[in-house]
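Pasting the structures in now, so scroll down.
Two complexes, one shared chain (subunit A), two partners (subunit B, subunit C).
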Partner chain A sequence: MNFARRFASSLVAIVAALAVAIGLMLLVDAPPFEALKLLVEGSVGSDVKIADTFMAWAPLVLTSTGLIVTFAAGLWNIGVEGQVMAGAIAASWVARTVDGPVWLLIVLTMLAGMIGGALWALLAGVLKVYGRVNEIFGGLGLTFVAQALITYLVIGPWKRPGVASTSGTEPFPEHAWLPTLPGLRISLVAVGVALVAVIIIYFMLRGTRFGLRLKAVGKNSRSAYLLGIPTTRYMLAAFAIGGALAGLAGTIQATGFLHRLVPAVSGGYGYLGILVALLANSSTIWVPPVSFFFAMISVGSTQLQLRLNLDSSLGGVLQGVLVLFTLLAQGWQSRRIAREAAEASAAPPVKLVES
Partner chain B sequence: MEAALATILAAAAPLVFAVIGETITEKAGVINLSLDGSIMLSAMAGFATAFVTGNLWLGFIVAALVGMAVALLIAFASISLKLNQVAVGFVLFALTRDLSSFLGNPYVHQRLAGVPHLPIPILENIPFLGPIFFQQDLVVYGSLVLIFVAYWFIFRTRPGLKLRAVGERPEAAHARGIPVNRLRYLYTAIGGALVGLGGAAFSLDMKLGWSYQHTLNFGWIALAIVIFGGWHPYRAALGAYLFGALQIIALKLQPIFPGLSQVLPSMPFPIMILTLVIIYTDWLKRLADRFPSLREFLASEPPSGSGVPFEPE
Partner chain C sequence: MRRMKGWSRPALIIAVLALVAAACGGGGGTTTTAAPGTTAGPGTTAAPATTAAEPLVFGMILVGPQNDRGWSQAHFEAGKYIEDKLGAQMIVIDKVNPADRPGTSVEQVVDDMLAQGAQLIFATSDDMKDGIENAAKQHPDVPMIWSSGDSAWKEGKAYAGLDNLGNIMGKMIYGKMMAGCAAGLTSETGSIGYLGPLINDETRRLASSAYLGAKYCWENYRGKNPDDLKFEVSWIGFWFNIPGVTSDPTVVANNFFDGGADVVISGIDTTEALVVAGQRAASGEQVWAVPYDFHDACNEAPDICLGVPYFNWGPPYLETAKSVVDGTFTATWQWLAPDWNDINNFDTSPVGFVEGPGLSAENKAQLDTFIAGLASGSINLFTGPLNYQDGSVFLKDGETATDQQIWYMPQLLEGMLGASSSE
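Then we have the complex of A and B:
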């Protein structure tokens, strides 16, 4: 799709999403424009808020970038939420047991998180490739298992001395925390890792033999197989990469933001990452800006709850409506293009949105 | 024993509605992945309607309409716009889930009298069967009737044959003059309405009331049960009842293993997945080959046109 058309459909989607949000706020008697102002102020209105938004941005970029890899291979890795959790568990284990200088802990927790997430994703991959369980359901099932595992750890072996509640483990020792800027909650390491991941994946999908073959598997795994690409191995590799990045997101959540393991450690960044990846339309370069916009909505909408007593789920509604309208607008456009093409010649219609 | 079985029958009733609804939709070749959100939104809408109007049955109707509306959106996006069903379904899941939290906020922990018990005279006095089947409420009776009606419709009527044809062999159906996409719209809408009724069965009956993410995860479980059920109403219902039984067992074990009480509720899903792996292995197929009369019941292949858009040329 050319840039002008893509821009037009994005604009239509944004306007439509805003209209729905305003309509919803009028429905519950809330002042729409004040709420939108609060949304912006609450996410980028001060140093503290910008720092918080970036701390939501980093894990979101990581999960979305990982999902772009699995989407490129034609896999619906909806179990990404569980991979974030598995990464957080592995990182927490290192943070609780290993003693050493801060830099070493950063490296080790992140490695552990990547391994944990990758293994969890590979489980879904193996279930798909060898067990014929659709990755959507295998992944969802494993998410339930990861969630149960965290709950078990938090109330069982890793419980705080004397207290058995689901509120979380003891905070990690401070040498295992990701260092933050003074007075702010932002960790430059987290932001840096997210940026590096985007750059690596961008070049991997665009310019390497591996990336191109991976996309071939995603487009048509049968032809790719007939051309001699080991499709099974490529699919498992995509799962592993996506899972490793999700696990990294879990690590950042645990060691950089919460400083302990809690049942809600994933922060929903797995599911939200799916929306970001869909909105970015499988283009890595769009992930950072789209993630920032989504992080703004997520962080800003907590202000709506505090100041206007609006449920903060409005942020999620806004994000969902935005993606829905973008998809619908794209579908509408490609249908029109297809019809124009069909009228102009007898050539078969081009499918642009089918992934 | 009777009491436990009666409880399972009642506890699984909302899932039965959702599972049968989704089975019908998928049989026609469309996958409605939004279930976890659309059940939640219809549960909220049903409860809110009943709370505001004081009319329980209006709540059920509104819930069915909400479920139908979400399903129609998926049908429009996937059939008319040829968008990916998984993508649209997932987005609608996230959207309807958050919408239910936002719009449902004023109704959290409001009280309402639920669906009244309605023992059926004479039949309720049958020993053993009476307490299990005939001392329930209209929602449970409805779920039981639905299972048989769905089976009879899908496998024993002409329209049911067409329903299976558009899901299995859309090209062949089209060649025989069956309006494939129109029927897919129709059965996606009907399935969505049943899913919506399932939502209302939660908020107005089995899990009376409304709270933040009131029906969390039941939609995903329903989707897993549809596969477990091999797209067959009887087996799908069996899956729903097995799940209900697991829930009751978890509840009973809670006082004995208090530490496990937080973990157990999420266990049925992985068990379901494990069962899927077993189902897909060969022995089920061999069993079906040995007992041809059971083939319909044991088949576990998805409708082959499921999830694939159809374009008449």
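Then we have the complex of A and C:
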């Protein structure tokens, strides 16, 4: 019955989100169902489109999965965006300097990306644990620093000869590109890495001593500490894992999609990952499908302009409205549960949103 | 129960989305069953080969917003021009750059346009070089144009050898000379700011042209000493403002005025310099601006607008479109001078200059003399002696520059302030 109630509230959220989206389209005189159809066609309507959607999916899955680890530890790691950039910088450095066979470059760029992202996240972690800087502010600040660092590299030491433009670096040598399937822009390595990350994190959080203790830290770090869990170390570990996954996302963006370093290398997947993690309600297993849906909107929304002359930021509006209504429904639901629980027994009310 | 909660919500989301997807057309796009209201739906399956009777379909890829009152809008209107003249159909997408569309590459856009039946693609930004060259390699049978580029110039430094990728660019050096002249004639303080985009061959060439025009008119029409003319270039880092990445052009323009400049010449895609000058003039300052790219660009602050050098891409793009229809397209590098009989003839001149209401009658007459001199060839500003910024010789006394020398200037000119390259 609880399930039925949840079903109802989720349904309300989705219908409301769609209604708002449709209303918006009607406001701008756009045919809403045609637009939705184009979103679907433009993202999964052909082999090429499916491949493109998966190339947006892979980095999004990685950032979202990383966020689930930090969320499990009770950390609002809002600085993922900067960790993606840091990973991309490190990977770009390898791609620009190391010569060697493709497989070696894949391994080295990915390792570099993971290290870069992990270090950037650890900075936020150290600021939180030792400097008492809230990770939200530390993370956001470090994102600005990472952005400035990329811009500096692109227009300074890594500039194209004779050019000073924030557009981006020279393309990497081709041996540093992630290999793609013939005729498509998809890299199986990228998709595989994302899948492996999901599987590892799923089992880590579910079945390992580390994962359970991490969740204990997240639920109540004071009690966890009293029970003998070294909470500081666990928090830093969560930052490092989340950052490493974000750094991998940055690597894939740089070596698999853009083939160069650009200021917008993160693709916004850090921020989008936060929405995915919220919608997936911190459940690892739901990250791949929810990410796929978001990737569909991102890739498919180009069609809105190409075919309907609509501004394709409408896709972003749809993503945002959906998350907003889902969160509203969640909040409303847990509020009702809390009230009913309080009425039924004298038990203390459940917290509205569990961190 | 906790777990149920975690599972059920996303499950529902997916389920409902699947329903939605199913409701709007089987979710595939390959079937064209009785979906009401949709007439044509070839999706991404190959469009039927167009016969000669069908109108030309062409793709227009813009780097900025199609209504930016600058570079991108000039291209958009050229597309409209082809539609009018040829009964062709344009597929347009704007804001194709990594900051605005991080998940979209030029190659993807070209694929989409071809799937919609495009037979000709215009990639209209310097920034699209890598993307359009890749796309041209992937689709060797589709004619494409990379505007402002040099990939099809056999004598150039970046010849790509692609038979289907041509280049078109107007000789904006003349437009910039007129812009510089208008500034040099008008400036009271003798200090002119040039709001530059990023630094490359094109922007060094155009900033230098503006300087040459300013210096010429300052010296010859006003009889002043060129050493008293301050001409400073400040680069923002890209063709338009990207918050957090480029310098803010509004701030840069204000800095120019704060630093004593009373005319700012814009070299970027958008109109910040004019807007800032308009605001400051409204508060009583004596300042002016020269926007860029688009023939109606003065409209945002006409009273202080000295004029605008603009691109009129319509005629050369129309020629290209016709050649595709005729089957005579060849990939050439075109660097097109204004139609000197009437630089503002919309059907013939690829580059023009609209004089603005901010220009005094006296200065207007002198600017017209200057333009006539450029037209007749009696004024050639790329004539030596000219030195580069570091003092090395660009052109010896009496030497006139070749196209290569002008196109590929490695530095700004002596007498200009500002960076010639990075750092």
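The rule is short, and it goes like this: the second predicted complex is superposed on the first by the 344 of 355 C-alpha atoms of A that agree within 3 Å, B and C clash if a C-alpha of one lies under 4 Å from a C-alpha of the other, contacts with A are read in each partner's own complex, and residues count from 1 in each chain.
In this text, contacts are C-beta pairs under 8 Å (C-beta built on N, C-alpha and C of every residue); 3 or more make two chains touch, one makes a residue touch a chain.
The structure displayed is predicted, hence computed values, not measured ones.
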- [ ] Please indicate which partner A:D52 is in contact with in the superposed arrangement: first for subunit B, second for subunit C, both, or neither.
- [x] second
Open item on the list: Quick check on the superposed pair: does A:S298 touch subunit B, subunit C, both, or neither? Answer first, second, both or neither.
Closed with: second
- [ ] Please work out whether A:T208 is in contact with subunit B alone, subunit C alone, both, or neither, and reply first, second, both or neither.
- [x] neither
Task: First (subunit B), second (subunit C), both or neither touched by A:V262 - done: second
- [ ] Could you look at A:T166 and tell me whether it touches subunit B, subunit C, both or neither (first, second, both, neither)?
- [x] both
TODO: Please indicate which partner A:G156 is in contact with in the superposed arrangement: first for subunit B, second for subunit C, both, or neither.
DONE: both
Task: Contacts of A:Q147 with subunit B and subunit C, given as first, second, both or neither - done: both
- [ ] State whether A:N220 touches subunit B only (first), subunit C only (second), both chains, or neither.
- [x] neither
Open item on the list: Looking only at contacts as defined up top, I'd like to know whether subunit B or subunit C touches more of subunit A.
Closed with: C
Task: Contact residues of subunit A, present in both the subunit B and the subunit C interface - done: 144, 147, 151, 155-156, 164, 166, 330
Open item on the list: Taking the touch rule as given, give the residues of subunit C at its contact with subunit A in the complex, in rising order.
Closed with: 1, 4-14, 16-17, 20-21, 23-25, 27-30, 35, 37-38, 43-45, 91-94, 98-99, 101-105, 107-109, 111-113, 115-116, 127, 130, 198-201, 235, 237-238, 242, 244-246, 410, 419, 421-423
Open item on the list: Can you tell me which positions in subunit B touch subunit A when the two form their complex?
Closed with: 33, 77, 80-84, 86-88, 90-92, 94-99, 101-103, 105-106, 217, 220, 223-224, 227, 259, 262-263, 266-267, 269-270, 272-273, 276-277, 280
Task: Complex interface listing, subunit A residues touching subunit B - done: 24, 27-28, 76, 78, 127, 131-134, 136-138, 140-142, 144-145, 147-148, 151-152, 155-156, 164, 166, 271, 274-275, 278, 310-311, 313-317, 319-321, 323-324, 327-328, 330-332, 334-335, 351, 353-355
Task: subunit A - residues contacting subunit C, complex - done: 2-3, 6-7, 10-11, 14-15, 18, 31, 33-34, 36-37, 40-42, 44-46, 48-49, 52, 56, 144, 147, 151, 155-156, 159, 162-168, 171, 185, 257-258, 260, 262-268, 279-283, 285-286, 289-290, 293, 298-299, 302-303, 305-307, 309, 312, 322, 326, 330
